[in-house]
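Encoded as structure tokens, here's the structure I'll be asking about.
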Amino acid sequence: MAFNFVTIGEVLLRLTTPRSERLTQARQFDAIYGGTECNVAVALEQFGVDPALISRIPDNDIGQACVNYIRQYGVDTSLVVRSGDRLGLYYLEIGASVRPSAVVYDRARSAMSEIEPGMVDWPSALAGRDWFHFSGITCAISEKSTATVAAGCRAAKAAGMTVSIDFNSRSALWSPEEGAKRLDPLMQYVDVAIGSARDPILGIMLGMEGNIEPDDRTADAYRPFAEKAVSKYGFDKMALTVRDIHSSDHNSWQGVYFDGSEIALSRRHELEIVDRVGGGDGFAAGAIWGVMNGWNPQQVADFATACGAIAHTIHGDFNVASEAEVLAAASGSSDVRR
Amino acid sequence: MAFNFVTIGEVLLRLTTPRSERLTQARQFDAIYGGTECNVAVALEQFGVDPALISRIPDNDIGQACVNYIRQYGVDTSLVVRSGDRLGLYYLEIGASVRPSAVVYDRARSAMSEIEPGMVDWPSALAGRDWFHFSGITCAISEKSTATVAAGCRAAKAAGMTVSIDFNSRSALWSPEEGAKRLDPLMQYVDVAIGSARDPILGIMLGMEGNIEPDDRTADAYRPFAEKAVSKYGFDKMALTVRDIHSSDHNSWQGVYFDGSEIALSRRHELEIVDRVGGGDGFAAGAIWGVMNGWNPQQVADFATACGAIAHTIHGDFNVASEAEVLAAASGSSDVRR
Amino acid sequence: MAFNFVTIGEVLLRLTTPRSERLTQARQFDAIYGGTECNVAVALEQFGVDPALISRIPDNDIGQACVNYIRQYGVDTSLVVRSGDRLGLYYLEIGASVRPSAVVYDRARSAMSEIEPGMVDWPSALAGRDWFHFSGITCAISEKSTATVAAGCRAAKAAGMTVSIDFNSRSALWSPEEGAKRLDPLMQYVDVAIGSARDPILGIMLGMEGNIEPDDRTADAYRPFAEKAVSKYGFDKMALTVRDIHSSDHNSWQGVYFDGSEIALSRRHELEIVDRVGGGDGFAAGAIWGVMNGWNPQQVADFATACGAIAHTIHGDFNVASEAEVLAAASGSSDVRR
Amino acid sequence: MAFNFVTIGEVLLRLTTPRSERLTQARQFDAIYGGTECNVAVALEQFGVDPALISRIPDNDIGQACVNYIRQYGVDTSLVVRSGDRLGLYYLEIGASVRPSAVVYDRARSAMSEIEPGMVDWPSALAGRDWFHFSGITCAISEKSTATVAAGCRAAKAAGMTVSIDFNSRSALWSPEEGAKRLDPLMQYVDVAIGSARDPILGIMLGMEGNIEPDDRTADAYRPFAEKAVSKYGFDKMALTVRDIHSSDHNSWQGVYFDGSEIALSRRHELEIVDRVGGGDGFAAGAIWGVMNGWNPQQVADFATACGAIAHTIHGDFNVASEAEVLAAASGSSDVRR
Amino acid sequence: MAFNFVTIGEVLLRLTTPRSERLTQARQFDAIYGGTECNVAVALEQFGVDPALISRIPDNDIGQACVNYIRQYGVDTSLVVRSGDRLGLYYLEIGASVRPSAVVYDRARSAMSEIEPGMVDWPSALAGRDWFHFSGITCAISEKSTATVAAGCRAAKAAGMTVSIDFNSRSALWSPEEGAKRLDPLMQYVDVAIGSARDPILGIMLGMEGNIEPDDRTADAYRPFAEKAVSKYGFDKMALTVRDIHSSDHNSWQGVYFDGSEIALSRRHELEIVDRVGGGDGFAAGAIWGVMNGWNPQQVADFATACGAIAHTIHGDFNVASEAEVLAAASGSSDVRR
Amino acid sequence: MAFNFVTIGEVLLRLTTPRSERLTQARQFDAIYGGTECNVAVALEQFGVDPALISRIPDNDIGQACVNYIRQYGVDTSLVVRSGDRLGLYYLEIGASVRPSAVVYDRARSAMSEIEPGMVDWPSALAGRDWFHFSGITCAISEKSTATVAAGCRAAKAAGMTVSIDFNSRSALWSPEEGAKRLDPLMQYVDVAIGSARDPILGIMLGMEGNIEPDDRTADAYRPFAEKAVSKYGFDKMALTVRDIHSSDHNSWQGVYFDGSEIALSRRHELEIVDRVGGGDGFAAGAIWGVMNGWNPQQVADFATACGAIAHTIHGDFNVASEAEVLAAASGSSDVRR
């Protein structure tokens, strides 16, 4: 395989009520395992990347179920630290129409939130790897996990790897101000920055809003924001998602990519949503794949956006779609293949 | 709790084919229990109301399943008369696109249709209660149940309670003419009248049509109809639903509220429907909650309509949504809460 | 019964992932049996036609499951040849939004693909029958099945029956060129031709394109194509489907019918799709029913199109809808029936 | 086909809780259709008999679902009268261990209970048929259905057909005394009598008990009872089931067959029960098949008992097992066939 | 109602894999809520007792789902403290044959484990109540919950209530030695003691083994153990379960009851197990019901044991069985009721 | 990891009807992937072995689903040849009581049956591996696959690896005579031979029966058969399963192990069967693990038999049980672990 990838992040048990039922009505949960960084790893594996995950997962049957779930999609789990008390989890109710999706978190004191930098043998974990990815969520869950991410970033840069972040704000986990404060010191390691144009943490960090009103959206409209980020933090490249929420079932979805000089805006997808969780991770994976391949900004923006679009149509967090399928979605073809 | 509520009505076993399958294809049914008045009681309990149900339910395992189902949502079932031969039921096929939802009723000779006024100890049933609610369906199912509703209305008025009706026409149960004839004598007890602007029974009773063409819909356009109802029957308040059916999956949905002097029209919701049954009951509950709280007409119209909108997004008849969720829907927010 | 119908074609086991899951994720399959010609037979039975199927199905438990599945909808299976090694099958993943539906075929060397003309006792199979129907797919699967279809066509014409074809191209089974070559010799038997206005095989056979751009669609716009078909091959009547694919969930859908002199275009349905497979077969059945009843072109076009529209709203291949339901859909009514 | 068979009886919707759940817990029901006589017809079809059903089933979607369900197993439903208000139904909870299975009936005033003799065109219904079967249940549900059975018996005897009864007592439907009184006049038509050795109705009719204690069970121990039945009512043959209930999951199961002179007792099966409903019908079908084939008493007893044994291992009422499978079960082989 | 009952204990979310699947294989969990004391309350409600639960459950959607689940069975949840961070949970894999059931606990730091005595208004919580029940598990989960139980015991004795304990050892939660140490100070309040004859904590507390080898089991064989308990701790009555585990599916099950002078041993049930969790709670409820009714020792032993036996046949923790059903099971009847 | 393992064999899609339903009734299939050699690999991975699979699997979505399924359990799939037309499959109906499990194979012309020796790069496939395993089934499916197995055996012996076979007869795939003929030339490579004591192929190859009547079963009773095998073919070790089939749900199960000098017979397990497929593979894996660890004959026999016993209690082919769980089952403990 031409490309490889290593990421650090938490994997959670996600307990989703079937058929959009309310949490208070549920008698059954669909059980999957996922987490933003792991989702990116799985999506990249579909394109031919060889991905590995660094995480901490308890050494019990639920932890094993989690590891089994991940490795079915070809992610190398040999770097996972198998210890800790519990796997974090959350309950998810998928919304419909005027009813938004809702999450009840039960992730405090998870094994991953209590990871420590010394639990990972960084030189051997990163040996022979080219790309290191993390997200804001891993920094949000605890100071220990932030310290571990920082250790990873330092080791990655020392090894000459490309480092990417997906900001991935979660207002239930921390305030934008706390987020900005904890993420700021990590920015020095980042080469490729990915996030939402409306990310409140990014807004605070850059001192400006990335959001552009629908009627004003052009590639150039996003240039000041992207240039500010690049100039302030020294990022090489930046990718941004642009989402308008019409209802739980229908969103408009677009993406921006800035390669440091050129900026491109993808075409707009009107999404009919099956499962929103993991949509942004699909975008991140698409953007990383574009960067890995050295595509031009329009290609990256279109591919990343289409990749995120498909991710919205698949149950679960993982975007199990091939490069050919993403390219077809980018080109707008949806006829049955038979 | 600040508010309480007692209602009389039938609870049916609803047998729904999974995944919109046709009745003729079904090998499985989802089983829930519901009925328009009970649905209103459950929705009100979510807002903090203490609700009780008067009904007649057989003293067998299916009757017990029904009672269990209701009381899980906090409805007081101690007033339910436990006797009779059978629980009424209906088969429901949820439609899709150009295929409408379809119902096969099997509710004749149900326990509730054979209830008699003397089976309820009215003074003790209503003691300490402030609000009495019934619907046209309970009058449609038999003369005995109509007589029992009438006895309840008299007792409620004697006890100084507020009385509300949801007209709730069902063309499969009676003709509009029969409906008008049987409901007319009960109007003297009604304080709060709720119904569809297109209700054919109401049309006959008032001698005018409540329906307004989409382009002409303003609050004032509904004033003549509401004023006629109030002046003819002495209602204090009136709430009306306004629905346009684009397909089984998509309806437009709006509401009107008239407090006797001011009239308001809610904003229009474009509904993506999960389960239409109970939508109107959500509206009724929202309107009653608004009246209980003394909100202004625009607030009542918006809350009732949003409450009905959410009810369309939840499997089953019951609208299990909090006041905060209804207010959020009224304000148009549908982003995932996490 | 006033009408009868006999058709020849393959019936496949269709293994569909539940809830639009990807094939690579599936742990369960919904199992139904269907095939384009059989689907037409079932749809016609709902209207009161007495249908029979000629096919070859193995004499094992899966073959019996297939026969049982078909005969529950009233199709006479006594003409089915019970021998051969295996029932053909395919795996289906129903798409969503930007993700198209996908099929993995495993139908090579099926019992039906190895049928031979002599396995059917044609005189007795067709005795007393009035209408013989086949589709392009049966010709695509093998030369043996094509020869058997040809034998059927000859016997049907000899018996004075009406013969219909649904072209039903499948690019995964043969190239348009191969299709045109193999179907051409059968055209002499055909009275009623049904297909897609975009059918590539038909395009080659007629040397012209049937597709008309959305803005230019009038009944007369399709006249040259239909007249060419009728004049070249001597068809009596022709029916064409017109589909625009906006996404996996949403298509526009219309139909054309030419009775040899008059041509009509149906109204346009905006479909919210439950299950696309069998949609065209619903159209074919509707068109055949219209021809059987001698309706005028507008009636045939509207009925066939509405019939196909309903077929898109029903899980599985079979369009189990009554004539009254199709007429209601043609007239645009979708309110819940209760 | 060498044999044919016509039977009259009610078909009910059976709503079973999944996984042995209690009725009071159920949120889902498995829906099948069955009835003792129809169950016999289906079981016989598996052996190659051409069966037909006389019944009354409402002309609505649930009635159609019922007809579809039956005809998938090859039963001719063209004699079914399609009218009446409702399909009878029952709720079934399958027991486990010390908890017995439980039934809640909701079958009063079903279409079949209101059938009348004149609704069936007896001469044409029975034309060309050789065997007429009914059960005590059809007589238990109403006087009208009893009268219709009587009309059928008379017509069958007039046509020279063999008539069989399965006594099939149901204590929830009538008392043994009522049963004896209503069945007695029909005995004159019966050639083949089938029942439980412990049937209380039969006990009253014959004035003696058929039950034999386990340690005393020999073929000859049942001779006095069988001879009394044959001498009193003029039956040609008699078949009796012998069951000991150890728990809901485990029964011992045996059968007796008396051909008027020789009597045989089958080997004893220790049953691990999947679904008890329809077990006796499997025995009846097995006995009838044995009589049709002129097997010797031991063969009939063994086949009928094994057929009933298999019926206990299949979900639903219908015993879909081939003659070869029954013979294998009779011989005691249970290894996986692969 | 003649009897009432209040209990304190934790309610957990129980996530069970369907169909005995291994935890490491699961893609779905059945979700119920239960806990030993709550299970006793539900079982008693079936007999006509009016039960209430004291617990601490978080004020989020999962907490509400839990409350809804409990109150469907008629348990008064108004005393539940609605605060805390999380609902404790456990994953359950139901065993089969040689494979034992397995539990993964994730209950640390649950809302209930952090309850404090002052969170409950004891005088008003216990006002008008006659019986107070707790179990060893509530003491095992934390010192705070033990202190709260102790406060409850003191208040109950002050109010003249009967106090019962079910020892209910869990080796995963504490060692027998710790258990003995923490439970010892509470014994002074206990009137009715319930436990396993093999309970290791009880063994330590009494300094003797309660277990009797199968061949030596008579009522009198258990007398020394019961008398020691009564004399050492001043219990009024004692009930003991006796279980032999042949496999995950098959246990032998018996019960002992000592009323302070007479001792009785129930008949032995050979259980075919559906769901073992809650079996002992069924026994406890049966014993308490027997004591409430003043039955003689043999009656109490038989009823408690049969009640526990039925509890093993029902999915979930709750024993939803009527007194009549328990009496039938005690008498050994398992025929289908129809 | 201390041990590694490479095996060659076919992986099939297994389509099982839920809840023991008959194939002719199924509307749904549970889909898993498995095959005897792959099953052994998965079971060994649970013990800590590093396993790899050589197979041929088509390069389509179903092939990918298969690969994903396998690698979730830690099997290295990088040696799998991804080409060919179709994945073989079979339909499985799990029996109950007197009804045996039944299989309908649809595996002809699968990708694996058309594998050729040259498709595998043997030196690199086997580099660094110590154990090579195959089974009789792979030889049964085609001459090409037999040739590939032979190539593997030669390469394995050349590399100094241990070679094992599980005879695994399938009467539906070949006759014992054909089996004996095709397997005989491979025996020269085999070190460890595993099979059923009743294997008809082995019986022919050795010219004697391995089966011993239940009353005569001692370790020494199997010695002549094992010694004959060892002396004729030069095996180092031999392990044999001993099964008595009481019903589909209940088998007795025992195992024999001969290390070339000592012979041992395990204790007898009375199995309550959840899923029989893969039971023998569990035994094979247990025997191989015992040999890898150099345990004594009694330990190997007990472990292998308990391992096979657990495999009968798990849905699907794979025996996902830890060494500790197998040891507990070998010692007879089945209490719930909590």
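Per-chain numbering from 1; labels A, B, C, D, E and F assigned in written order.
Methods note: a contact is a pair of C-beta atoms (placed from the backbone, for glycine too) under 8 Å apart; a residue touches a chain by one contact, two chains touch by 3 or more.
All figures in this text were calculated on a predicted structure; none of them were measured in a lab.
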Rotation angle superposing chain E onto its copy chain F by C-alpha atoms, nearest 5 degrees: 120
Centroid-based (C-alpha) most distant chain relative to chain C: E
Chain C and chain D, separation of their C-alpha mean positions in angstrom: 42
For chain D paired with chain F, centre-to-centre distance based on mean C-alpha positions, whole Å: 44
Centroid spacing, where centroids are CA-atom means, of chain B and chain F in whole angstrom: 62
Residues of chain D touching at least two other chains: 22, 24-25, 27, 68, 102
Those chain pairs that satisfy the touch definition: A-B, A-C, A-E, A-F, B-C, B-D, B-E, C-D, C-F, D-E, D-F, E-F
For the chain A and chain B complex, residues of the former touching the latter: 19-22, 24-25, 90, 95-103, 105, 170-172, 245-250, 276-277
Interface residues, chain B side, partner chain D - complex: 15, 22-32, 60-62, 64-65, 68, 85-87, 89, 91, 93, 102, 104, 106, 108-109
Of all residues in chain F, those that touch chain E in their complex: 269-274, 306, 309-310, 312-316, 320-321, 325, 328-329, 332-338
Of all residues in chain E, those that touch chain B in their complex: 68-69, 71-74
